[in-house]
Every structure is written in C-alpha cells, then in structure tokens.
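Given below, in the form of structure tokens, are the structures.
Here come two complexes built around chain A, the first alongside chain B, the second alongside chain C.
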Partner chain A sequence: MKKIFIYTVLLILLVLAMPLVLSDFGINLATEIYIMSIFAMSLGLIMGYAGMVSLGHAGFFGIGAYTVAVIGQYVSNSYLLLLISVVISGLTALITGVVFIRTSKFYFLMITLAFGQLLYVLFWQLKPWTGGADGMSVSAILNLGFGEILSPNAFYYVMGVAFIIAYILLRLFVESPAGKITKGIMENEARMSALGYNVRVYKLLAYTLSGALAGFAGSLYSYFNVFVSPDLSSWTFSGQVMVMVIIGGVGTLFGPAIGASVFICLQNFISTYTERWPMIMGAILVILVLIGKGGIIHWLRYFKDIIFLRKQTDEGAPQNQVKKEEVVN
Partner chain B sequence: MSLLKVENISKSFKTLQVLYNVSLEVKPGERHVIIGPNGAGKTTLFNCITNLLPIDSGSIYLDGKEISKLSPHHLVHLGMSRTFQKNNLFGDLTVEENLHLALVAKKSYRYNIFSPLASRSDIKKETNRILDQWEISSRRHIKVKNLSYGEQRLLEVLLAMASNPKILLLDEPTSGMSPAETAQTSEMIQKLPRSIALVVIEHDMEVVFAIADRITVLHHGEVILSGSPEEVRNNEMVKEIYFGGGAKQHA
Partner chain C sequence: MSIFLAQLLTGLAYGMLYFMIAAGLTIILGVMNVVNLAHGTLFMLGAYIVFTFISDELNFWIALLISVLLTAVLGIILEKLLIKHVYGKELEQVLLTFGLSFIIADVVKWIWGTEMQTLPVPALLDASLSIGEMVFPLYRLFVVFIGCLLALLLWYLESKTRIGAIIRAGVDDRAMVGALGINVGLVFTGVFAFGAALAGLSGALGGPLIGMYTGMDNEILVTSLIVVVIGGLGSWKGSFISAILVGVIETFGKVWFPSLSMLIVFLIMMVVLIIRPQGLFGREVA
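Up next is the complex of A and B:
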C-alpha cells in the first residue's frame, strides 16, 4: 500500500512538471495520451482484472463522445455534460452487460464486437443528429468554473488531472474487496461461486465501471478534438486500444497507460517520416508482443528490480534474499 | 430434525443414468461418509446437492428449506459449503490471500468498491486465527501453487470452512495423498468441531471407519445401504460389491 501511495505521488508530480519541458506539440500529444490512457485503463480493467476481452469497447468511447457533441448543443454546464456522458455509457454497459457476461471468452469477444459495430452503424445512420459519415463538430466548450478552457496548456492540466483521478479510482477499486473478488473470479470462477460469491454481480460491476470510464474518456476526447465521427466506435479503434493494453501489460493498472503512451508516440513519430506508417507500426508491435510477453511495464519492473536488488546487496541486507527463497519454495 | 435431507433425486447425462432415486439424511454434527466404487455417482451426488448440476427429479432440503433450485453461492450463505476432488485453489495468490478471499464472502462489505481490503482488521484477525489454529503461520506468504500437495488439500478444507458452515461436504479429502499425509488428514477431519456436520466421500477404509458415524454405500447410482459402520462392515452385499470378490477367492 505504501509503495502504491509513493507511485501515485510520483505520478502526480510527473504530470504537473511535464509542461515545463514540453513544446506546444509535446503538450498536445501528452493531452491526447492522457485521454487515451483513461480509455486503455478502462479496457485494461476488464481484460486484466475480470478476464473479459472486449472488442467493442470503442462503443462506449463513442457514446461518451457523441453525448458531449449532441447534448452539448443544449446543455452548457461541463460538469453536468460529463456526468450525463458517464451515466449514459455506464447504463449502456449495465444493460448490455447483463446479456454479455453470460458468454465467455470467444463468444464474449464476438458479442462485444457486434455491439461496437452496432453503435458504429447507428452513429452513421442517425444523420439528422450525428451528421452521419461526415461526423459533426462539437460546439460545447469545456468550462469547469475557472473560465473557458481553450489553450493547450489548460487542456493539458484538465486531462492530466482527469487521468490521475481515473487512475486513483481504479486503484481504489482494484484494492477494494469487490476488486479482489473480481480478480479471484477471473482466476477461478467455479471456486468463487462455491465460496459464496454471486460471480455475475461482480463481472457486471467491473463491466459497468469499465464502460462508464470509457465513456468518460470519450467525452473528454470530444472536448479536446472538437470533432467526432463514427470511426470513434469502429472495431478498428477497439482493436487499437486493445493493442495498447497488450503492449503495455495486461493484468496491471498502469500498464495500459504506458501502452497508450508508447502507441501514440510511435504513431506520431513514424507518421512524420512516411505515409506508410501503419506498416512500420505493425512490425514494431509484432516485435513488442513477441519479445515483451508481459508488456512494457514488466520491462520497467525488471530494470527497477535490478537496481533495487543491487542496492540491497550493497547495504549488506540479506533479508530480501531470504524472502525470495521462501517464495521459491 | 435432519439438517440435510436428500429425497429421491435422479440425474442422468443424456442416456446415462448416474443417480437413481438417491435419498440421504444428515443430522446436525453427524459424520456421514459416502463410499462406493469408482463411477458410483458420488461426486455427481455432491454436484447435485450443491446445484452445480441441476437434478432431474426429487428434492433436497437444508434445515427444512427446499434448496435444489438455489444457486451454489446462495447455499454457502445458508450454511453449506464444499471442497473439490481436485484442488481448486487460487494458485498465484498466497495462502493468506486465499483465506482473505474465502473470508470476505460473508462480510457485508463484499460489494464495497472504495476502501482497500488490506486495511480491514477483522479479516486479518480471522486469517491469523485460522493460520495459528492449523499451525501454518509460517507458510502464509507462500504462493499456493508452491505448497506441497497435502498442504493444498488442507487449505482446500480451510477455504470451505471460512464461511463458518453448518454442513461441509468433503470430496475425497485424501485423494492422491501419501500414507503419512492421509493419516494427518484423517486426524484433521476428526479435529473439526462437532458443530459442523460432515458429508465425506472417501476411498480409504481406515479413514472411513475412523471418522464415520454413518455410512452410505452407493453403487451404480443407487443407495445400497445406509447404516452404522458396524452394519456396513458386516453386510454381505457391501462386501461383495465394494470390497470385491477378492476376499472370497482368497478364502
């Protein structure tokens, strides 16, 4: 717990200090990374802590984004609008989840894929409201009571804070009784049921939280990008965020955020050199997945352990080694 | 009044009839052992009682309440829990974490999504009590998959006991154990408090007669006999089907 607290404080400091060294372009990129990180963490929650691999998660992102775009024409209060987005996407997750969580593995993958595509087509077809395939521009302006947020720096801090809040909420969930139980259900559903847990309630809870958070990310994106299109709910976007989760590290909370950062940085970096960037991107991702099985976060942990252990032996403290042996036994 | 009452339940998998009008009664605190050759339907009977498998006909009562339609997790809250024939644990978690998971099941805060589980002192206290009582405190931080087989079997029982049940179903607690481990387990089962009724599936005859108040013999999905250990020991038919024709040939 102490460790987690320290990491969280470090994370907050990092987010606050970044603009001091970043260019305008960098700040914009970081802002996008925060939004995508929230989205990736929401998918990472159900993939890594509930064992549900969804290929339709962009559906919730799209709901959040379109809620701000469409309802934002009539409602100007940003807090209210964000709340509406979260509630609508959360409710959608709750209602569809009741059906979806009855399936597992490939069937869950397929049914969520179908769900995402359904929303994609819906946004495409509801032309009078959503602008159809042309998309629509977002008229709502983010205002959290400190004036209208328009400058890159202001956006950076808002999204940075949103990211930290999302991270802390997810961390609380993962460490809470319900979170631990959900993880247990992922590991051994039959046993959890035999221990007296209503496993469906927990799966539904995780799915709903995840959907609501994805919707939150979508609504932030809507403000940031000032333009939404049906592509935000397409299955390729769902696939993209799944790639972020996998290269970052499934089964960790922060891994998907790292995955999102790496993905977006690579994408921006490579696309400045060639139009054929998806090809190079694909090759890099294949390599990342092949050699980094647990995801990038595990490399970081590995390096940290090397440094940490070396420090331990320097101090001549054998305590850590004894513990290690015990674990091996 | 009997605590668990199974009345004429039948179960078939497609054309294969596995249980045929099986009836069973367990009184509070009783040690009830179910024996029978492989394929007699013992584990299926457990799965039917705990509703992992729906029954075709018949009824099951716990404390006078019909439970055959209730979901497995519901039964735990009514005071019935079980273990599994094959170890069914959380291998990547430590002994302590396994116990935590089992203990939270009856807590009102099991749906809490905000406050850390690690800060709950009642769970810690109960975990320590269990670890001390069974003298496995030294193993608390070890991942369960690294425990010895015998220790895993013990943990299997401890997880089922965590919900403080009135009746505990043990599915072959000594399966796959060395003779020494079997003796230990038998001793452990005898040490379980009399406030818990036990229904045990067991193959090892020494263990059976060491713990049983009552024995039910199952053969091809039918109850052949249900009686005291003495009755079962002296019954010709049981000798024939369970202990095999071997005794005769030797004689």
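Up next is the complex of A and C:
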C-alpha cells in the first residue's frame, strides 16, 4: 500500500506540473491522452489481469459518449450524466458479459468484435437520435460545481483528476482479494475453480468494471470533443486501443497509459507530415510483434534492473538469451 | 410471392458469399488456430484487383482468375514472412493480422482512392431468368451455384483425399501430424494460401453484388466472423448452414426492419451462444 501511495503522489505531481511546460497545443494533447489512458487502462484490466482479449471495447466508449450527447440534451447535471453513462455502459457489459465469458478465447475475441461493430452500426442507423453517419454535436457542458468548464486548462485539470481517480480505483481493485482471484483465474482457471471460486462471477466482475470505466472515458471524451460520431465504436478504434495497451505493456496497470501517450503523440506527429498514418501504424505494429519483447513498461523495468541491480541482470541476461533462441526455434 | 422469392434468392446469394469468406476464415482458424483479422481486407483486395484488370479491357473471368492467384500468392508471402512467427501466440496473432489489415486497407485506399466503385456484372450473366411472373437475376443464381459447388468441393477434399485427411488430423492434433512425418509448415502455408484465395474469389464474385467502398472490408469481416461463430469453429459445414441463415435473415431484415438488420443477426448469434456456446456444429472446446 505504501508503494501505491508514493506512485499516486508522483502521478499527482506530474499532472500538476505539466501545464508549466506545455503550450496550448500540448495541453490539449495531454487532455486527450488522459482520456485515452483511462480507456486503455480499462482494456488493460481485462487483458492483463483477467486474460480476456476484447476487440469491441470501443463499443462501451461509444455508449458513454453517446449517452452524454443524447441524454445531455435533457439532463444538465454533469455528475448525474456521468453516473448515467457509467451505469448504462456497466449494465451493457454485465448483460453481454454473461453470454460472452461463457466462450473460449477465440470466440470471445470474435464476439466482442461483432458486438462493437453492432453498436457502430446502431449509432449509424438510429439517425433520428444519433445523427447517423454525420455524428452529432454535444450540447451538454461539463460543470462539476466550480462553474462551467470551457478553457483548455480547466479541461486539462478535470481529465487529469479523472485519470488519477481511475488509476487509484483500478489499483485498489487489482490489490483487493477479488482482483487477486481474477488474476489467479487468468493464470489457471481450472485450479481456481477447483479451489471453490466461482470463476465466472469474477471474470464478469472484471468485465463489468472494465466496461463501465470505458464508458466513463467515453463520456469524458464527449465533453472534451463536443462532437461524437459512430467511429467511436468502430472495431478499428477498439483495435487501436488494444495497440495502446500492447505498446505500453500488458499485465500492468500503468503500461496502457504510457502506451496511450506514445500512441497519441505519434499519431499527431506523423499525421502532420503524411496521410499514410494507418499504414505506418500497421507497420509499427507488425514490427513490434516480430521483435516481441513486451511493451514499453517492460523495457523500462529492464533498464531499471540494469541500472539498480547490476548483479541480478548478470544472472538474468543468459536466461533472456535462452528465451530468445527458443522463440527463434 | 414473387418478391418473396426474389428476396430469398438475394439472401441465398449473400449467404453463399458469406460462406465462401467464412470457409477460408474457419479453415485457417481450425487448422492453424489463427484468427485472421486481415481476411476482410483480402476480400476487398480481391474485388479491387478484378476492377483493375477489367478496366484494362480484360475478360471478367480472366480477371477473376488473376485475382484468386494474386491473393493466394499474397497469402503465401504473408504466411512465410510473418504469420509463421506467431503460431500459438494468440495476442500476437491478433495484433499482427490487425496491423496487416490496416496496411492493406491503406494501400487499397492509396491505389484506388476512396470513391465508391462498381464492378459490372459479366456480360455472359447480365440477364434474368423469368419463370412465369418471377424474374431472377442470373448473376445471383450463378453465385449460389458457385457457393454450392465450393461446398461440394470442400466436402470432397475433406473426406475423400489425402490432403483432407491430413488437414482433419491437423485440426485434432497438430503435434501428432508432425510426428508422423508430415511437413506441417507446408500444410500451414497451403492452408493459409487457400484461405486467402477463397477471400480473393469471394471478393471478385462479390464485387458486382455489393459494390466497392472503403469500410467494406470491416463489414464483411464482422459478418463472416458472426457466421463462423454461429456455425462453430473450424467446421465449414457449420459455416455453410449459418451463412445461408445469416444471408437470408439479413436480407429479409433489411426489407422489414431496415435499421435493425444487424441487430437481428447479432441477437441470433447471442441466442445460439446461450444454447450452444461452441456454435451449431462446433465441438466442445477442451
């Protein structure tokens, strides 16, 4: 718990200090990164701690975003609206999850993909409510009781705080008995089942939590972007979030957030030079997979080991080499 | 009545198209345990290759053949170069094929642009068959015919030939097949190329039916995944039945509830999964 406390304090300091060095463009970028980090962490939770690889997570993001856009026309209280978003996306995750988690891993992947795409099509086709392919602008204004939030700096701090809260919540879940059992299920489902745990309940719990958090990220995005379109639920967006998780590192909480930062910075940077971002992203992905050395957070840990624990890495190094040879064979 | 039959034929034609795509997907999945997310883009590529060669005044059938060959070759290259490295690694496969789909889709966008294109129906089949009052477009009948032919061919290959026996054995126990002295690597390359060629073929045949536009790859991928899920993993027989089911239901859904056709198909999938989590014809997953 002490370690979590230190990390959290460091994180808060980082969030507070960033605006001192960033330009307006940088602040906007950082705000988007916070939102995407929440989204990526929600997917990272089920991928890294429950072993469920979902390609439809953008569906929940879209639900959250459209809830703010559509219901926000009638409900102005931001807390209430955010709560509605989280509840709707969480409930959707709970109901669909009951069916989804009965299936094996390949099925789960394909079904979640179909589910995300279903929402994409629904947002597209329910034109009277959602504006169809043209999307819709968001009329709701974020107001958390300190006045309306409109300036980039205000958005920055709100999203930064939301990010920290999401991180702490996830950390608490992961460290809780339920989180540990979920991880145990990922590692050996049969054993946990034999130990008397109801495997499905824990998987469903993680999935619901993850879906609700993705919906939360989506509703924040809706406020931030003041425009929503069906693309928010497309499976390519789900795939991109998965890429963020992988770039950052699966099996850690903070890795997906790092992945989201790198991904969004790269996307913005490369898109200013060329229209061929999808191709470049695809190529980066293929190369990352072929190198196959985990995500950035794993590399950071590796370097940390080299710097602080020279002795251990001396022993560890040959092992790594052996592993590499195994992969080649 | 005649409208009903015409709709039924359209549904069957779409179903056969889905079957051809899903068959490739499910064979790759069953034998190699790879979810090929680039399958939809291969389908799109197949359609666009035909489009290019037809523009060069080539016959539709030659263009179709070229399309099938090129996608098969691309399949071989992809398997030898990339897919080979990620067998047994689920997450890596997903990422790799997802990355590939992005690259191929962007190349298609680069070469052919983003405008919607249409493939003309080949002259030979650009006619209608009228029985009494009913009029059936010949091309749709032809697609149904090809789909059935393919199903027969797959059945023959699977149950009557040595290759089929090897592939069936490969689905059951890959390590054992290797131990029996069969070159599993070669089988995998062949299977992947075959699947890619099927995607190319269905793209070529589907072009005149559904047109060509950006995003078609995703639509077709999702529908064929649903077909595979309903039918059962690795079972092309299941794919055949469920493809017809999905094609017909989707077509009628589009007529009766235009905005909810996708939802209906999805709900059917959910119901099947609740009753039989392994799909209609799938075996219990260990």
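Going forward, the second predicted complex is superposed on the first by the 302 of 329 C-alpha atoms of A that agree within 3 Å, B and C clash if a C-alpha of one lies under 4 Å from a C-alpha of the other, contacts with A are read in each partner's own complex, and residues count from 1 in each chain.
By our rule, a residue touches a chain if its C-beta (ideal position, glycine included) is under 8 Å from a C-beta of that chain, and two chains touch if they have at least 3 such contacts.
Fair warning: this is a prediction, and the values are worked out from it, not measured in the lab.
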item: Simultaneous placement of chain C and chain B on chain A, clash or fit; value: fit
item: Contacts of A:G196 with chain B and chain C, given as first, second, both or neither; value: first
item: First (chain B), second (chain C), both or neither touched by A:V70; value: neither
item: First, second, both or neither for A:M36, with chain B first and chain C second; value: neither
item: Touching partner for A:L232 - first (chain B), second (chain C), both, neither; value: neither
item: Chain B versus chain C, judged by how many residues of chain A each one touches; value: C
item: Partner chain(s) touched by A:L205 [first = chain B, second = chain C, both, neither]; value: first
item: Touching partner for A:K180 - first (chain B), second (chain C), both, neither; value: first
item: Minimal inter-chain CA distance - chain C and chain B, angstrom; value: 12
item: Doubly contacted chain A residues - partners chain C and chain B; value: none
item: Chain A residues touching chain B - in the complex, by the definition given at the top; value: 1, 172-173, 175-181, 184, 187-188, 190-199, 201, 205, 209, 323, 326-329
item: Touch list for chain B against partner chain A, complex; value: 50, 52, 71-77, 81-82, 84, 88-93, 97, 100-102, 104-107, 109-120, 141-143, 146, 159-160, 162-163
item: Contact set on chain C toward chain A in their complex; value: 29, 33, 35, 37, 82, 85-86, 90-92, 94-96, 98-103, 105-107, 110, 218, 222, 225-226, 228-229, 233, 258-260, 262-263, 266, 269-270, 273-274, 277, 279, 285
item: Chain C-facing residues of chain A, complex; value: 47, 53, 55, 99, 102-107, 109-111, 113-115, 117-118, 121-122, 125-127, 234-236, 239, 242-243, 246, 250, 276, 278-279, 281-286, 288-290, 292
